[in-house]
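The block underneath contains the structure these notes are about, expressed in structure tokens.
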């Protein structure tokens, strides 16, 4: 590291705690607010007030997602904090980064001459997060299935970032992997990387053959009719963000085991997830000309 | 299947229940004793007496391990049964298979003209069991580690059946895998299959670098001195049978997280484990000239 | 196949011959022109005149690339043929497909009410072609290197279609694979898929360590200065289209073995390359509502 | 290296030349005899007489195979040399290593108090040699097939060292891999590592489906009847030592392309093959208490 910076971390979940530790381990000065109730307390200065935390910072890092139901997303903070309170203490010379930036906040910040950089919108973080998500999905399948993934018939729906990393893991664990997609280029990739390509519109024929299905597409690809075709005991894991891809109520009625697994990175590998955010913030800083 | 047989299954754990279902699904007649308390009751005839179960059988399958502390190993049976009681009802024309055969029982059986075939002693079952063991070890590591296996530094001690299957899975999940062995041929295989080979006698230098260590060797390779070299947070999973390879009491004192994971196949994948026993019993029958 | 079509194939290399056979094997009627001098003669009707070949066709398939120095690209044809001659016999109801469509030809065709579909411009063909290119590159490296790829230090420059498929093959053959790219998202993918990510602008430090380097980027990434850093015996394989990425003349002077390997699919796997074109033409037809 | 030794290398092929260079690069003194006609001359002292080469040596390394038709195997030597001439100049304090030791020579050496260590008989060298053999087989298949290995149907006969390393490479290049073996444990491994297991006695059914077949078993597994079942264009590569596994004359008559590929390591990767011999000789020395 060529340069030591002052970071202020405000709120967030376990990942943000690990992010704070990562930054400190890299030699930076880290000030935190709204992380005083973490299950494993940080050995880092916890500011008593928002002002104390923000004041010395070159870079202020807000949580992912930035806002919860009651202002900033501070599940492990003993005191609430509204976006307005935060705005009042930020200076235009500070670099502000946040995950899933609130649009209203961004607009007001702009009025104040502040740019809010959304680290969650960056492709490299999305890729990095797909790794713990894929591992978490594998872990879940191993826990739930009475058979090994080795020898299992697996279907992955969608071949984006997550579908790509998940399919590779399933195959190398010995599963027979089919992957469903819609576009010709995605289908070409699926074939090129050695999986059985299936068009997402014509899954009916193969549905009865799977031991486990992973969905990564946020539209209802497994509706009532398709669910009724599944083999007894077939496990469905939905990894898609809202509205998800499985008709969960129908699944429950039909005895299909369906699990909606959201936000896996922070749950299964908070340290890895924290590092991924750190790397992304470093990229933002480098692009802004702040050399680390 | 060319020929329908009568099987009698006596006792055992979840695997034996799944084995019974497998055999029935293959079209055989399956009689059971000592499996009446399984959490998921079998939809197969449960004999009221040992005699009823054994009498019609061409092949009698005893559990794995065959004996527990109080006679035959019947954890899901409502009535106990001693080896002597069983011996009294077996006929010399019946094929008897058991896992980890009790030596005294085998000798007495021989006096009666009965051969007891030990399916657990067969190499193909040992290989087949290494698959769910490797998956179970991966699952455990994923549950316990705050980082992903992707990018983790992993050490596998021993390159027998389990070491070989486990190393391949770890690597394909993105871990950096070192494998320790003693013999030159094992070390040559480790290199040939692309892992970093380490001599088991000289691990000290690399020990501080691992996030997770899997031991498969049943002698104490991780004693007090070596445990003291591990990085904080390093996870140790011992997959070796008794006496294991880790000084667990010392590990606990030193704050090293060490887990002794035994009998994984029946726990993590009873269906797969049951099928593996079925396949092995079919092999025994084929070698005895019973064509299926 | 639901529907039999009449195809007319005009010119091209070995691939086009294999494409003709594929289409015939699928049950279509195939008429050819300009393929009468193939080393292995086709057992398909060879039209005596362009008119005879084109007249019955529902779909006319022109070569890849469409034009050579003297009109249409007919290296295995005994008679030349100009784009103008072809234009004169095409009808607006015919579907015309070509690879790397000549712009002038496309404009004149449009004037005549004809759309020329460029199959080479389609992403799925580019992906499919990357497979034989990657294999051809591996084959070349195996032929040229006095060491095995197993254990070799390999650098892949660029992580597009080809870089992705090539890196996976090198790694699974046991090479230590570094991959260089420029964008953060590409670097994130490289890491996510388990290779060592390197920024393309900072290769100098690692250059002396490679046994083999594969370039896929069509700008000069290996200029004189970088070539001078390579280890003696390092093999450079350039897979980039013109202008390529290696200063070949300098390499020759410095004793660096550098090979520019172009058009590998048609050379190393003409059957596979022909099938890939067939699949792409089927996609074009399906999108035009011609059901096969 | 803790200790410098004097090595004498006598004869052999390209590998032996590379072995000499490896030993010299490791800091040892290397004397050679019978390597004066190598295509790339060694920059190492070439003794004028056998005595000069042998006299200073702590360890004398004979070629692989040790003997040819006219005495020692010296294809790149300008002067012949008989085992008797060599015996006359060896001293009992010298360590003698050879590949495929001639039995008569070994017995006479024993009479003189000399032990001849056969490096080729050691398991670790056999494993190490299987790597370039597997790569050479892949290279050959790529050169000969008009399709890519990606997507090809491949059969590997035998699952010993070579079968194991070859199958892994074929699969990772995208082939559909079946592996034939005879023993239940080998079949269990084939399944455990994710290939389709086939019993070697029952190959007839699947034979028509392959694009390429690799044999590693030195008994005639592909006789006339089986050859007649192959698909037109199926490529057969025999990697088995004498007597091989394919009825080559019949294959030629039936138009089956069959290639007997022997001694691949020295041909396709002499540097790697030389290093493998070096490592094995170091192991022999270590076991004899000579610390390097």
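Just so it is clear, A, B, C and D label the chains in written order, and each chain counts residues from 1 on its own.
Just so we're on the same page, a contact is a pair of C-beta atoms (placed from the backbone, for glycine too) under 8 Å apart; a residue touches a chain by one contact, two chains touch by 3 or more.
Everything numeric here is computed off the predicted structure, so don't read it as measured data.
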- Chains shared as neighbours by chain C and chain D? A, B
- Message: Among the chains here, which has the CA centroid at the largest distance from chain B's centroid?
- Response: C
- Item | Between B-D and A-D, the pair joined by more C-beta contacts | B-D
- Task: Please work out the Cα centroid separation of chain B and chain D, and write it as a whole number of Å.
- Result: 37
- Distance from the CA centroid of chain A to that of chain D, rounded to the nearest Å? 51
- Query: Touching two or more other chains, which residues of chain D qualify?
  - Reply: 131, 150, 168, 174, 192
- Item | Touch list for chain D against partner chain C, complex | 18, 131-132, 135-136, 138-139, 142-143, 145-151, 168-169, 172-174, 268-272
- chain C residues within the chain B interface of the complex: 150, 174, 192, 194
- Considering the complex alone, what residue numbers of chain C touch chain A? 122-125, 127-128, 130-131, 165, 168, 184-185, 187-189, 191-193, 283
